[in-house]
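In structure tokens below, several structures.
There are two complexes below, and they share subunit A, which is joined by subunit B in the first and by subunit C in the second.
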Partner chain A sequence: MNKLRETLREAIVEAGVKDGMTISFHHHLRNGDYVLNMVLEEIAALGIHDLTVNASSIFDVHEPIIEHLKNKVVTGLEVNYMGGKVGRAITEGIMEKPVIFRSHGGRAGDMENGSSKVDVAFIAAPCADDMGNLSGKYGPSACGSMGYAFSDAMYADKVVAVTDHLEAYPLADVSIPEGYVDMVVCVDKIGEASRIVSGTTRITKDPVGLRIAYLAAQVVKHSGYLKDGFSFQTGAGGASLAVAKYVEEMMEKEHIQGSFCMGGITGYLVSMMKKGLFKTILDVQCFDMEAIESIRDNANHQEISATRYASPQAKSCAVDSLDVVILGATQVDLDFNVNVHTDSQGYIMGGSGGHCDTAAGSKLSIVVAPLIRARLPLIVDEVLCKSTPGETVDVIVTQRGIAVNPKRTELKELLVKAGLPVKEIKELKEIAEAITGVPQQVKPEGRVVAKVLYRDGVEIDTIKSVK
Partner chain B sequence: MRRTMLFLPGNTPNMLINGDVLGADSIILDLEDAVSPDEKDAARILVRNALKYQKAETCETIIRINPTESGFWMKDLDEVIPYKPHLIMPTKVDSAQVVQKVSAYIAEVEARHGMEVGKIGILPLIETALGVEQAFQIASADPRVVGLFLGGEDLTADLQCKRTKEGKEIFYSRSRIVCAARACGIEAYDTPFTDVEDSEGLVKDTKLAKSLGFSGKAVISPRHVETVNELFSPTQADIEYAHDVMDAIEEGKRQGKGVISLRGKMIDAPIVKRAQQVLEMELQMLGGVSIE
Partner chain C sequence: MKIVKNAVAGTLESSDIFIRVEPSEQLEIDIESVVKDQYYKAIYQAVDEVLKEFQVANGKFSINDRGALDCVIRARMETAVKRGGEC
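Right after this comes the complex of A and B.
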């Protein structure tokens, strides 16, 4: 049996890609990904139209897809996250069919239960053998974990692996095994290494960001969850890392032995594990070189699939065991609903990713954000897009105070008792508006350009075009 | 309580808007060295607006104005005084007359706006050899003066010596400032440590300042606030001892004792005074007292 194909075109033709089909991609190569553009270019050249692209995320590097949308090569788009460049074109109404937004857990879950069907999955693989054993840990385009690609491999009718680093069979340390893979194509380059991961991720130096992080860490400390067995998720952004830094200091001081950490894995979390502050890292995605080295070398640094991470269809998933998660927001409303899909003007510039999954699963979800951003208050009467429902958001931390979801009375009492600046969410809104004034309401009223599905697959909100 | 006084350039809106949440006891909105001459107007307007919107419930606001020999200082005061900053910091103060001149003009602006005259304090910045030698006269120049603040950078230029991290060259000036301030019953504040990255150096320099008798220290980076606050705060042991002192006094009064002792040591007036200061700081650190 020979799975190796000479060219991408050969594999596309053999996989049977036809008008109206759904093809899928993962986003582990982030802004350095060449594969999605490469595949769509071949498909366009083959004269195929009316495809749905199900990509776990679309980044700015995927801007060429806009041409394929215009030319109707692609007429459907399903994502968990979308960067600002493509997001702008979508919001301005370039597509007829609304984009489907899912969460990371929701995407995996919908593939598992069959409600999201993929005909052909194209899996960028930093390392592969000729029978289709795949890994993200080695090769010039290494990305570490390949967590989001597992469900594509398992549930797509046909699976094409695209690599730039072929090793002799059998590949050691396999992430996705050959049993799922139909064909392997070796190309010159699947990505730009410097854009796949950052060299190092740094803690913010912005004093306001540090203040917010400090307060968030105090919330963690006084919530009662910071004790032996503690589990924690934080993002790779500078402010999220600053929370990790403060949490690290507290864990060291109080000799707390945590259980696991998750999230965009960075060198910072790796060093916390090495110090013994966490037993394990559950890694669905690596964000820097240190994380990639660690997942390669340290058995306690485990690669997990999106299903294991957050699928609500699974019998259990890791977010269900998570104590504390630190999350971001572009807007929060008085009911604690959070927007991470659009900016304040209504333009798409993000998506849930694991936002609503971790908020729902964790025992304590903390949203950190500056109270005023570019002269606009964070807190609004009604978010432009309900990405994460307020019922699952416990605390909002800003530089001028902390709002606790009224559902969590016991938590509020603990934080007040600790002397933290706890305020009503309405009060925070008023503080911001005292400085900025009450901004004019922006409410896009065009046709629906995107549907936002909650992690269980039910539509939670829509995004309308900006005229 | 001014353990930390954080300098914020008067022409950076984001810092001005958020200055009061960075943990410093006081913020110094700077119209002087941080602002180039062609930006003085813009900075004045920004600082005025920051004062207007900031409630500063937990943080004192100080405005550093331009020197009296510049053409800017009166305009500075015209803009900011109506919005009631807590303190004005005149710069390059080298005589009692400078303080009196600034105080008189503040009074004029206060009166012009129907404000109570004399409510706004003055914290003179001493940063010349003459200023150091005149420290006592400056400290006692006007009832508005709440303390003396030493500026080490300009001072060493005037002394014609090199500014070092160890600070031997300003040892005399530091001691002189503390002594003059204490002689007048007011506070003394130390020059900032200017290497933002050197946290070890910051700790050393702050400990030195505290040991010399300073009440607090200016900082030029928000990242220095926590360290300086911590080092100028009473320790838990200090606080407990202060409570014990006050308890012993209460107990002594109840028993009608003339001489009261604690842990085998007589409690005299300085010990009581120190205990009261510690408890006052404890209260402020808990956020119990707002700044007048």
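Right after this comes the complex of A and C.
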């Protein structure tokens, strides 16, 4: 049996890509990904139309997809996250069919239960052998974990692996095994290494960011969850990392042995594990080179699939065992609903990713954000898009104070007793507006350009076109 | 004050405002802002107050707001007027 194909075109034709089909991609190569653009260019050249692209995320590097949307090569888009460039075109109404947004767990879950069907998956593989054993840990375009690609490999009808680093059979360290892979294509380059991983992610020096991080860490401390067995997820942003730093100091001081940290993994979390503060890392995506080296070399640093990370269809998933998650927000409303899909004008510039999954699963979800950004107050009467329902959001931390979800009365008492600046969420809104003035309401009223599905696959909100 | 020469004040950093002033017979005010939809009126009002305070009746003001608070807008306007004008 020979799975190697000379060209991408040959593989596309043999996989039977036809008008109206759904093809899928994963986003581990992030803003350095060449594969999605490469495949769509070939498909357009073959004269195929009316495809749905199910990509775990669309980044600015995927801007060429806008041409394919205009030319009707692609007429459907399903994503968990979308960067600002393509997001703007979508919000201005370039597509007829609304974009479908899912969460990371929801995407995997919808593939598992069959409600999201993929005809052909194209899997960017930093390392492969000629029978289609795949890994993200090796090769010039290494990305570390390939967590989001597992469901594509397992549930798509046909699976095409695209690599730029072919090794002799059998690959010694396999993430996605050959049994799922139909064809392998070796191209010159699947991505731009410097854009696949961030440079060293640094802790913020911004005093507002540090104040927010300090307060968030105090919330973690006094919530009662910071004890032996503690599990933790935080993002790669400068302020999220600062929370990790403060949490690290507290764990060291109190000799706390954590169980796991999870999510997008950075060198910072790797160093916490190396110090013995966490037993293991559950890694669905690597953000920097140190994380990639660690997942390759350290057995305690495990690769997990999107299913194991957050699928609500699985018998259990790791977010269900998560104690504390630190999350971001572009807007929060008085009911604690969080928007991470659009900016304050209503333009798409993000998506849930694992936001609503971790908020739902964790025991304590903390949203950290500055109370005011470029004059715009964080807290509004009603978010432009409900990405994560307020029932699952426990605490909002800003530099001017902390709001606790009224459902969490005991937590609120603990934080008040600790002397933290706990305020009503309405008070925080008023503090901001006293500084900024009351903004005029912006509410896009155009047609629906995107539907947001909650992690269980049920529509939670829509996004409307601007102007 | 009368605007007699070109001058600038402020920056294009987030939460700041960049103001360019040039001599002109009439008073012309052009406001661009990242928060135009939410705060255009407030920005215009802050700009207008400073012009009135310094009795400026001429000059072309090109204003690029990056989400500055009222106090910042007033301070940058006052600086631009004083740099470009004379009594």
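Operating definition for what follows: the second predicted complex is superposed on the first by the 467 of 467 C-alpha atoms of A that agree within 3 Å, B and C clash if a C-alpha of one lies under 4 Å from a C-alpha of the other, contacts with A are read in each partner's own complex, and residues count from 1 in each chain.
Criterion: contacts are C-beta pairs under 8 Å (C-beta built on N, C-alpha and C of every residue); 3 or more make two chains touch, one makes a residue touch a chain.
This is a predicted model, so every value here is computed, not measured.
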First, second, both or neither for A:Q257, with subunit B first and subunit C second: neither
Partner chain(s) touched by A:G437 [first = subunit B, second = subunit C, both, neither]: second
First (subunit B), second (subunit C), both or neither touched by A:N113: neither
Contacts of A:S316 with subunit B and subunit C, given as first, second, both or neither: neither
Which of subunit B and subunit C A:T409 touches, first, second, both or neither: neither
Partner chain(s) touched by A:S194 [first = subunit B, second = subunit C, both, neither]: neither
Which of subunit B and subunit C A:T7 touches, first, second, both or neither: neither
Subunit B/subunit C common contact set on subunit A: 435
Residue ranges of subunit A in contact with subunit C within the complex: 344-345, 373-376, 435-437, 439-440, 442
Complex contact set, residues of subunit A against subunit B: 205, 207-208, 210-211, 372, 399-400, 419, 434-435
List of subunit C residues in touch with subunit A within their complex: 14-15, 34-35, 37-42, 66-70
Residue numbers on subunit B that touch subunit A, as the complex places them: 14-15, 17-18, 21-23, 53, 221-223, 286-287
